[in-house]
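Order of writing sets the chain letters: A, B and C. Residues in each chain are counted from 1.
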Amino acid sequence: MKIALKSLLRSAAPAFALAAAIGMAPGGAHAQAYPNQDIRVICAFPPGSGADVLVRYFAEKLRPIVNRTVIVDNKAGAGGNIATEFVARAKPDGYTIFVHAATAVAASMHLYKNPPVDVGKAFQMAATINRQPFMLVVDAKSPYKTVADLTEAMKKKGDQASYATAAPTGKIMGEIYKNVTGIKAVEVSYKTAPDSLNELTSGKLDYGMHDPVFALAQQREGRLRILAVSTGKRLAASPDLPTMTESGIPMDLTGWWAAMVPAGTPQPVIDQINKWFVQIVSSEETKKFLNSFGGDPNIMPIDEAQKQFLKDVKDWGDYVKLAKIEPQG
Amino acid sequence: MLRVKSPQDFGAGIIFIVVGAAGLIFGRELAVGTASRMGPGYFPILLSYLIIAIGLVVSARGLTLEGPPVERIHLRPIFFVLAAILAAGFLLNMVGLALTSVLVAIIAAYARSQVNLLETILLGIGMGIFSVVVFVYGLGQPLPAWWGN
Amino acid sequence: MEFDVIQNLATGFTAAFTLKNLGFALLGCFLGTLIGVLPGIGPIPAIAMLLPITFQLEPLSSLIMLAGLYYGAQYGGSTTSILVNIPGEASSIVTCIDGHQMAKQGRAGAALAVAAIGSFFAGCVGTVFIAAFGPPLSALAQQFNSPDYFSLMVLGLTTAVVLAHGSVIKAVAMVLIGLLLGLVGTDTNSGLTRYTFNVSAIWEGIDFLPLVIGMFGIVEIVRNLEATSLPRAAVSTRFRDVWPTRKDFHESWRAVLRGTGLGSILGILPGGGAVLASFAAYTVEKKVAKDPSRFGRGAIEGVAGPEAANNAAAQTSFIPLLTLGLPSNAIMALMMGAMIIQGIEPGAAVMTKRPDLFWGMVASMWIGNLMLLVLNLPLIGIWVKLLSVPYRLLYPAILMFCIIGVYGLNTNIAQLVIMVIFAGFGYLLYKFGCEPAPLVLGFILGPVMEENLRRSLVISRGDPMVFLERPISAVLLAMTVGVIALIILPQFRKTREEAFQE
């Protein structure tokens, strides 16, 4: 029944196009055609987590622009793989939009033994949202003011040094740092960055590689000091923070969020989604919001974003090998 | 000849042994490590052995100390209740929340031996309307209301 | 100092106490209760579902409505626990034990009223606690390192054994099985997955909701259907029968005081502290009672103490969030999310930069608690009346809500399959006389315990003495030994008495 109705509509499509062409339909035919049903924004985190807030912010801002119901669908679990798989298998019609870290989607190819989908082929970037760093933090009471101070002290401490990580990006940042400087610090893994705070401030841990939301909040509270960021270039959100590269440890670990759709989504629909997100991302309010997450708003042309995504897929293969992360599954 | 004096204890002991054994069998590939440098397998294997040990004690006690009998297991209620849940899982996306509610009501009703089909269907319709209005329209939950998607 | 507290609270109340804000508090409380009371929808999903409603409001109103939602959803969860024995979150498992027994004896009204009044009292104390001791207490919480957390979890798990009113050794086994189940998923320390059988739905561990709804809610439905006559409590909705008697008040006020104290302190500890509160309160009540055998059979202190502890902890668990910017549990993470959406970054900075907001929020907690009382005391009659609906009509609806609640987690059928597995497992355990509450506590605390144990040893480079060298950890372990003594001694006495009788 449903199928019959759809094919009927499809066969009627040329007639609609004709009607539009001769000026019977107001506005552009495409703008009319999409969106004509509810839009589902997929979030890979449970409701209420920090990242969920980011997704919901965009869903909230999308609602008045598209004038349709925008539902946030939390498909949490398996490190985001459940959501990734769901979106990859969704109909490529623009009604399922994945708002997530494109870097994480790229990394999933290498973090799991059996990645659910070949993400490079399955996903199309529709719009970019931000770029954000990971941060090297130390206790605010510690004497280390620069990465060089820290490195020197860690060399003296040898295998008695310890550091905290709580995410794959942090692990990789930690490995690169150790590889380049030759220090022998022992990694201590945490489930979340806040779990490591007490041990960082009690001197049990010498440093940590943490996400910007946690690092910035704790620096503001005067408990931690950020020594460097993992991005290749400094961030507009925190221009005073040097990069790891400037400190002699070359790396460019930039996390970036994007609105993604399944490959095969029609170009006009992608363009439409891009236009919406560009409008939201370029607002002053969004800039402030994204800065509070430690990142900069980031607007990139669609094809460049896709290229960056494919490059990330490749790079993460090397990172995972470098950090000796055992793929899961 | 051994006689089971406390079927409840004996049965519980057997369950514990089975759970502990499952923990050992499915955890056999996990690296155990040492007490000062524990691997991912250390804690689960230790737990599994402890559970088996308690299982042995409890089942041995079931053979020596008098205890209450096991209540009769009625297959009908548990079967239909679990069937209703699984059916809902398969149906929700296919036929939507409204129709699923009716079907859950009907399957669940057969967990009892007397079924009033008309009353059950009316109840199912009521549940369907309530669920759709509250969860889909009221709270915007990502559940298909009608016919699925 | 004291003057400051009063002045600060005055600032807060002036900002919060407008007719409009009171209206939002009431509305939040009402909606929170309505959704939270649906069986199978615990407070966390209830709050998550209702959260978007608050986004449209201005910051303070939104926070006030949020507080209303929070307390409403929590109390709604307690109501479900008492009426139909289905806990929506870890802390209401304890409420089920004696609360539902009371309901079966036709005293649901008294249980609900004591829960509401106890919660209100604890809420008031908790609010003052935050205002007066927030910053110094958060400094204490900051002293907790991995070894201390490990020892705290050991203490918590030991008390879990007291929850069971049957065999101690079976309760120990249930705790251990819970610990084992809690380890399913990705191991934080090594990054490897354990016991996941390639099922992606459990890569990050088994979710709490399908496990607990399966083992409690579904098993409860099946048990009721197995009974020869369907349960239909002798229900009376006359005020006299709904309201607790003088004897009830007399029996429960001390429990409320103790619960409030315990909850206020445990609530501050991030990660598992608040969960321990209600369990610990129950343990204490059972231990100080003249006749511990009443517990598990409808002892009103068994409802009053844990409910007060739960609410006090719910209150003080805001302390790490408000003073350190650290969310200590899933609900606090939700709250933090809502605050960030409103442009407020929780942390000590809020206190100095936006005192009206900070103290307004503290005041709104009290208002939320007040609304809870105002709203729920009159509603008790209605809740109790719900029990007079024939069970043949009630159980399909309960089942459907459980399904929606669990499926709605991430709209994944795997969650329902997990629920079915645990319902089957729980049914079997019930038939063999094993109680599920200790298992659930082990399930929640297990991963925290293992993680901190291994982390402590990594940091100490394998030296187990860290657990005794750190004062906090040493004290907690000493308390554990005390609790074990309390558990074992009466047991010994009993077996000896039995031996003498033979």
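The rule is short, and it goes like this: a residue touches a chain if its C-beta (ideal position, glycine included) is under 8 Å from a C-beta of that chain, and two chains touch if they have at least 3 such contacts.
Quantities reported herein were computed from a predicted structural model and do not represent experimental measurements.
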Number of hops, subunit A to subunit C, where each hop joins two touching chains: 1
Identifier of the chain whose CA centre is least distant from the whole-structure CA centre: C
Where subunit A and subunit C are represented by their mean Cα positions, the distance between them in whole Å: 33
Subunit B and subunit C, separation of their C-alpha mean positions in angstrom: 22
Subunit A and subunit B, separation of their C-alpha mean positions in angstrom: 37
Contacts with two or more other chains, residues of subunit A listed in rising order: 73-74
Multi-partner residues of subunit B (at least 2 other chains): 140, 142
Subunit C, residues touching no fewer than two other chains: 49, 52, 189-190, 192, 411, 458, 461
Residues of subunit C defined as touching subunit A within the complex: 44-45, 47-49, 51-52, 55, 142-146, 186, 188-193, 198, 200-201, 203-204, 270-271, 324-327, 330-331, 333-338, 340-341, 343, 345, 347-349, 409-412, 451, 455, 458-459, 461
Residues of subunit A touching subunit B in the complex: 2, 40, 69, 71-74
In the complex, subunit B residues that touch subunit A: 140, 142, 147
Complex contacts: residues of subunit B adjacent to subunit C: 8-9, 11-12, 15-16, 19, 23, 26-27, 30-31, 34-44, 47-48, 50-51, 54-55, 57-58, 68, 70-71, 73-74, 77-78, 81-82, 84-86, 88-90, 92, 97, 101, 104-105, 108-109, 111-112, 119-120, 123-124, 127, 131, 134-135, 139-143
Subunit C contact footprint on subunit A (complex, rising order): 46-50, 52-53, 56-57, 60, 73-79, 81-82, 85, 114, 116, 160, 162, 186, 188-191, 194-195, 197-199, 201-202, 204-205, 217-218, 220-221, 288-289, 292, 325-326, 328-329
